[in-house]
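After this come two complexes, each holding chain A, first together with chain B and then together with chain C.
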Partner chain A sequence: MPKDNGIGASPKRREDVRFLTGAGNYTDDINVNGQAHVHFLRADVAHATINSIDTSAAEAMPGVVKIFTGADFAEVGGIPCGWGVTDRHGNPQQEPRHPIIAHDTIRHVGEIVAAVVADTVEQARDAAEAIELDLTDKPVVVDMAAALAEDSAKVHEDLSSNLCYDWVFGNDDDDAVQAAFDSAAHVTTLELVNNRLVANPMEPRVAIGEYSRGTDEYTLHTTSQNPHVIRLLMCAFVLGLPEHKVRVVAPDVGGGFGSKIFHYAEEAFCTHAAKACGRPVKWTSTRSEAFISDAHGRDHVTKIELALDSNNNFTALRTNTMANMGAYLSTFATSVPSYLHGTLMAGNYKTPIVQVNVKTVFTNTVPVDAYRGAGRPEATYQLERVIDKAARELGVDPIALRRQNFITEFPYETPVALTYDTGDYVATMDKLEEIADVAGFAARRAESEKKGKLRGLGVNCYIEACGIAPSNIVGMLGARAGLYDAATVRVNATGSISVMVGAHAHGQGHETTFPQVVADMIGIDESMVDIVHGDTGRVPFGMGTYGSRSIAVCGSAMVRATEKIIAKAKKIAAHLMEASDADIELKDGQFTVAGTDKSVAWGDVCLTAYVPHNYPLEELEPGLEETAFYDPANFTYPAGAYACEVEVDPDTGKVTIERFSAADDFGNIINPMIVDGQVHGGLGQGIGQALLENAAYDEDGQLLSASYMDYAMPRADDVPFYQVDHSCQTPCTHNPLGVKGCGEAGAIGSPPAVVNAVIDALKSGGKNVTHIDMPLSPARVWAAMNG
Partner chain B sequence: MYEFEFEKPSTVAEAVAALADEDAQALGGGQTLIPTLKQRLAMPSKLVSLTGIPQLKEISDNDGVLTIGGAVTHAAVAEAAAGSYPALADLAGHIGDPAVRNRGTIGGSLANNDPAACYPAAALGSGATIVTNRREITADEYFQGLFETALEEGEIITAVRFPVPEKASYQKFLQPASRFALVGVFVAKYAAGVRVAVTGASEEGVFRWAEAEAALDADFAPGALDGLSVDAAGMIGDLHGTKEYRAHLAGVMAKRAVAAAR
Partner chain C sequence: MAKVSMTVNGKAASGDVEGRTLLSSFLREELGLTGTHVGCDTSQCGACVVHVDGKAVKACTMLALEAEGAEVATIEGQANADGSLNTIQQAFQDHHGLQCGFCTPGMVMSAAALLKDNPKPSEAEIRDYLEGNLCRCTGYHNIVKAIMAASGQDVSSIAAE
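Our next item is the complex of A and B:
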């Protein structure tokens, strides 16, 4: 019998009422008295020297308040990078200055060259057209291999090369690794591209800066996944402002997928300009701007090698990856291809030797950073593709080959620094085979063949490291921040509860799930609990939402704070009932004294805390509010197995997804319906990457797919009805809820299943195609079939 | 967008007069023009909306000729032609999405002549007549290359006359992002012969595939097209498909159109 309240129930998302009825409060819905608007003049060439910028004509245009160029920000700090990676020789990553507005040099199409603040957006745009730029084109670097060549032009003249870092992880003894390959019975090698993506949240970025001359205080409204982090980075590293004078508010945010984690130049600009102009300054990105100014995702080129012994046991894995950083280092750019990628290369398998080599590269393109999954999809894709290729080369069943190599004992220390606390990969694969009806595939293939279609089945596993992250560990690995989270539980006098959480909801449903937890712990109705998030003025602190961390880290902080509340409330109840607090039990919102019929209600205890007439004032402070910070002891390890069935039209190369099944182990689950939705969304994005999406640059550094006319987003009819199951649950061993996180799994686990399925389909049609790079567009599949 | 004046006349004569101003621009449903203005890629002094002219919204069906006013929306064509010319109705009903179909007009599409648009294939494949405020233009004369037509300054498409064929079909292979035609083929069988028009594929815009027409004249069956292919040399090659792929798709879509013709 499903629960209808508390943990494990599926109440509908309470936030959807306002989102679906037009009552949301997004940043662009906010208009501040006296606000001016900024239009950013963005570079339309990828690499050039700025000889001069003449703004004199523009300044005389109607409505213009002030025009800013790079010179106005010469004294201001650059946008910081939040992670310093140390290379294989012990040297720090190369870290160029990342200016708010381009100084002297333009390094990618879309970089801000000047900012025009005017009374209206149209006036600002008019004036921007009157700015005269004198530029000298420089050689453009787009291709990563070319960028690493000795004679390549440099993106940054002040760096020694276009190499950001050359990193090795896992077994760094090249000879030992090579020996494992030399002694292998079989080696499978695969070269592949993990295609560059644009996040494309429904809501483009928006920023509104305000400054109060009376109090010397700033307010920034922004579309962010982590307002406290933005405040810290902007205050400490860019503008040099004291944090207590700056409030950052991220109200309803319409999707992020990683792209709204980062601190962007536009946020610092609007904050700075509000004081400089003496007026609030607002910026709303157009979709066209978003394509060339939101950080992109993925963009890896990899060679992966898998060694197997004569019994088909994996004996060694070696990867060589080039990862594109774009022109500058975005906030978490350097962590994605290193610690969020290399640590996952063991996957679900007990391969004893794993070596990961990554070169990160500067190019004249938009900066690249975390996008849903962030490094983990890149790891999963290459590993699960090379295993599939190995199975085909060896003529063995791809599922059996995986099963044979599964890690089965926990905790398990991988050769790439992680300790998986728990899991059951056999169980998720069993469940997958059941829900995907793998046994019935042959019959479905025969039906497709009758229609002239090729049908393929692709299976893969995935594991991710979520619940990011133990601060001491990430600190050793180069993180320049802690990755705990915080929550304050504020019980009001009448027993209702506001929970101030550091996590930020922008589609995840926290406003529904977080109250389920608190209500369950106390035994009250969920309607008595609300969360407050997205405002540094109302929430004590928080590191935000990314890496499937919200319930695992912030949720744990919320549990700890609620435990403190319950402990204090029990003391109050004990006083009221003249009992020892050790004898007090809390159930269904009633405090009772064990073994008696004495009881006092939750609401009466809360009222007593705020009206402490009969209260142990000498021992206990009045009031009922507690804060907890929670730093996780380990990552969490959601894992699962996915199956995709495709039909390929041999005449056109068009791939249609006929079935998609996902068996996930997320540990304990707060709201199964919301978990289903998170998986569905992730699968849609993974399928989008596999079949449709591609941020393609030409050799001049122009983004060819810079609008929806050329950038293919997945639509409802591109995806099938999903079979999603999360009944396999091995609870996390080290957080209080036993939760692992579910936000990224779908996007991590689905691309290899799709590609494996297409390769399988082509094989059934007699086409020995071993690999096609994503996206598997009709044109690419047809070309591979006819190549 | 830049500032412009806006007029919405109720007669063709008023519209023609309004368009006499320098840099005035006719506005149909605005499904191409308005996004272009938002991007500041066009700077007309005046927009003259044609959607308030009752005459341009008429649809009639006489003696095997379906006449559609220039300002009739795709959605209205999909509904009105469903019985008389189902292939045309099907084409109109699959342009863009519902919002596009309820704003976009047949006259606007034909005047713009986007090389990946659907209507040019229907007009050329049907041997339609483009009726303007000044003259009548055969489809064979009307389409003159990418975004190029026989229309002169101040000339307005008032109606399009489609001879209804014995059977016809339009088969579109979608460009994955825009969902315009990567290649679309319109096949129509008339007593006088078969017409085959291909959109989306050529660097010259919509074109008739004469070789396929001759083969289908002899035998109106998909197999008649076996071994025929469009020359890849003149095809569009881009992010979404090579010249060779588009040439190949023209053959595939043509066969499917023949098979589906009704």
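Our next item is the complex of A and C:
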């Protein structure tokens, strides 16, 4: 029987009622008394010297409060990068200054050149059109290989080249790795592109800065996945403000997918401008602005080589990747192609030698940073594509080749620095074959062929490292932050509970799932527990939500804080029942003395803590509130196996997804309904990457796909109903809930399955196509078939 | 500035607007009905769908002045008289048809318009009708399922929500 409450149940989401009735409170829904509006004049060329900016005509326009240019921010710090990668020679990454407003040089289309604050947004927009720019065009660098050529123009004149870092990871002995390839029975090589994407949460970014002269305090409302991180970065590195004078609030946030992790110039601008203008300043991004100012994702070009012995065992893997950084380093940009990517290259397989080489490159494009999966989709895609290609070259079943090379014993130490604590890749593959009805594929293919369609089946596995992260390990790897999380459990006198959590929900349903855990631990009704999140003024601290970390890291902090609450409450109960606290048991919200019929209710203990008349005051403080910070001992390792079935129209190259099946191992699960939803959403994005989405630049650095008219978002009729299953559960061994995280799996695991399926379909039609780069648009598929 | 008057969720509403003021801006900024969301500037995303004289309309693509005298319905007016969720809203909650909630008002308003014209739409008809509503969270699975359920169809054979 499914549970109806607590851990493992699927209560309806409590946040839904406000969203379904128009009562959500998104940042753009907030208006502050006396607010002015800012419109950012953004560069429409990719690379130019700013000779002068004439704002005099604009300043005289109706409603204009103040106009800012780069000169106004010359004394302010730049946007910091939160991760310093050390290159293969021991040198630090090249790290250019990242200004709030372009000062003397424009480096990408969309960069802020001037900011107009006016009474209304229309007035600000009108005035911006009256600003005169005198620019001198500079050579534009878009292509990564060209950017690395010795004679390339430089994005940053003060850096030695366009190379951010040249990094090697895993087995760094080139000769030993080469020897493994030289002695291989078979080597499969694949060159591929992981297409550049735009995260596109449906809510565009918004920022509202406020300043109180009376208290010298600032408030920033912003669309963020991690308000405490924004406060820290903005205060310590950009504006030089004391943190205790700054409150950052991220209310209801309409999706993030990574793009709302980062500290953006607009946030610092609105905070700074609120004081400079003496009025609150609000910015609401348009979608057109979002395309050229939100950090993009992916954009890797990779050559991967897989060596196999005569028994088809994987013996070595070597990758060479160029990863685009864009024009500046966004908050976590440098960690994505390095430690979030290289560490995953072993995948689910016991390949003994793995070498990962990555060059990160500056170009005159929008900064590139984490997007759902962040480095792990890039790793999974190349690995699972090269394995499929190897299977075809060797004439063996791609599922059997994977099974043969699975890691089967845990803990397993990979050649790329991770220790997988637990997993069962055979079980997820077994489950996948069952739910995908792999056995019935041949019959379905025959049916498709009767309709004149080519049908293909593609399978892949994935593993991800979630629950980022042990602070000491990421510190050694270059992180400039700790990656613990925090929770405060505040029990009120009447027994209801507020849990202040450092995680931030922007679709994940924490308001429902986190109370399930606390209520289950105490044995009270979930309605007695609420979480508070997204406000540095109400939540002590937290590192936020990304990398599928919320329940694994913040949830663990919440469990630890609740354990402290229970321990203290037991002492109070022991006092009330004149027993030893070692004998106190808590079940269903009742404290009992073991072996007796004595009991006292949760509510009575809570009231006693706040009305301590009969209370051990000499031993115990009154009140019932506890905080825990939790720093994980290891990453968590969700893993699974995915299968896609496609039909390809041989006349047009049009691909349709006929079936998609996902068998995941997320360890223990708090709310199965929400977990399924997280997987569905990831699959939608992964299918979007595989078939539709592409952030395409022309050689002048203009983003060609800069609106929903041009950037092909997946729509309801592009995807099928999905088969998802998470009944294979190997609980995480090192966190209290045994949870692994589920937010990114769908996006990580689905692109290779789609591409593998299309290649399989074409093969069935007699077309020996070995690879097509994503997105697999009809034009690309048709060209590959007829090339 | 010009005066515009209309009926919104059954109540008279009026205000002074510029000629360029969009219906979405009028609803959000003048009337404080912030449930109507704006997710793009090319009439693609559908987060702003409202009903104007019974028809689904993208409120970002209509001038406020064009709605002069019209009957406008927004997400704020969709719940039952006692405040409980209506059939479509309830189906979205029951089947986890929303995550971040930003596209949700437009999805609910589009679904209502669809079911008015086509009370028992097939899966394919629903997917086709939602062409103009983008969701980035759900992969559409539970949205389609919720709309089928709201139309009284048995969705128990569709994979778990």
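Simple rule for what comes next: the second predicted complex is superposed on the first by the 787 of 787 C-alpha atoms of A that agree within 3 Å, B and C clash if a C-alpha of one lies under 4 Å from a C-alpha of the other, contacts with A are read in each partner's own complex, and residues count from 1 in each chain.
Basically, a contact is a pair of C-beta atoms (placed from the backbone, for glycine too) under 8 Å apart; a residue touches a chain by one contact, two chains touch by 3 or more.
Only a predicted model underlies this, so the values are computations on that prediction, with no experimental measurement involved.
Trainee: Tell me which partner A:709 touches in the superposition: chain B (first), chain C (second), both or neither.
Mentor: Both partners, chain B and chain C.
Trainee: With the two complexes superposed on chain A, say which partner A:696 touches: chain B (first), chain C (second), both, or neither.
Mentor: Once the two structures are laid over each other on A, A:696 reaches chain B alone.
Trainee: Give one of first, second, both or neither to describe whether A:684 is in contact with chain B, with chain C, with both, or with none.
Mentor: Second partner only, chain C.
Trainee: Look at A:15 in the shared chain and tell me whether it touches chain B only, chain C only, both, or neither; answer first, second, both or neither.
Mentor: Once the two structures are laid over each other on A, A:15 reaches chain C alone.
Trainee: Applying the touch criterion given at the start, work out whether A:288 contacts chain B, chain C, both or neither, answering first, second, both or neither.
Mentor: In the superposition, A:288 contacts both chain B and chain C.
Trainee: So which one touches more of the residues on chain A, chain B or chain C?
Mentor: C
Trainee: Mind working out whether A:161 is in touch with chain B, chain C, both or neither, as first, second, both or neither?
Mentor: After superposition on chain A, A:161 lies in contact with neither partner.
Trainee: Thinking of the overlay built on chain A, is A:200 touched by chain B (first), by chain C (second), by both, or by neither?
Mentor: After superposing on A, A:200 lies in contact with chain C but is clear of chain B.
Trainee: If we overlay the two complexes on their shared chain A, which of chain B and chain C does A:779 touch? Say first, second, both or neither.
Mentor: A:779 sits against chain B, while chain C stays out of touch.
Trainee: Which residues would you name on chain A as touching chain B in one complex and chain C in the other?
Mentor: 122, 288, 708-709, 713
Trainee: For chain B, which residues are in contact with chain A within the complex?
Mentor: Those in contact with chain A are residues 1, 39-40, 173, 176-178, 180, 182, 239-242, 245, 248-249, 252.
Trainee: Under the stated contact criterion, what part of chain C meets chain A in this complex?
Mentor: The contact residues of chain C facing chain A are 18, 20, 28-29, 33-42, 44-45, 47, 74-76, 78-79, 85, 89, 92-94, 96, 98-105, 108, 123-124, 126-128, 130-131, 133-145, 158-161.
Trainee: Residue numbers of chain A touching chain B in their complex, please.
Mentor: Listed in rising order, the residues are 122, 125, 129, 288, 651-652, 654, 691-692, 694, 696, 704-705, 708-713, 777-779, 782-783.
Trainee: In the complex of these two chains, what residues of chain A are touching chain C?
Mentor: 12-13, 15-24, 26, 28-29, 31, 122, 200-204, 252-255, 257, 286-288, 506-509, 672-674, 676-677, 680-685, 687, 707-709, 713-717, 719, 721-724, 746
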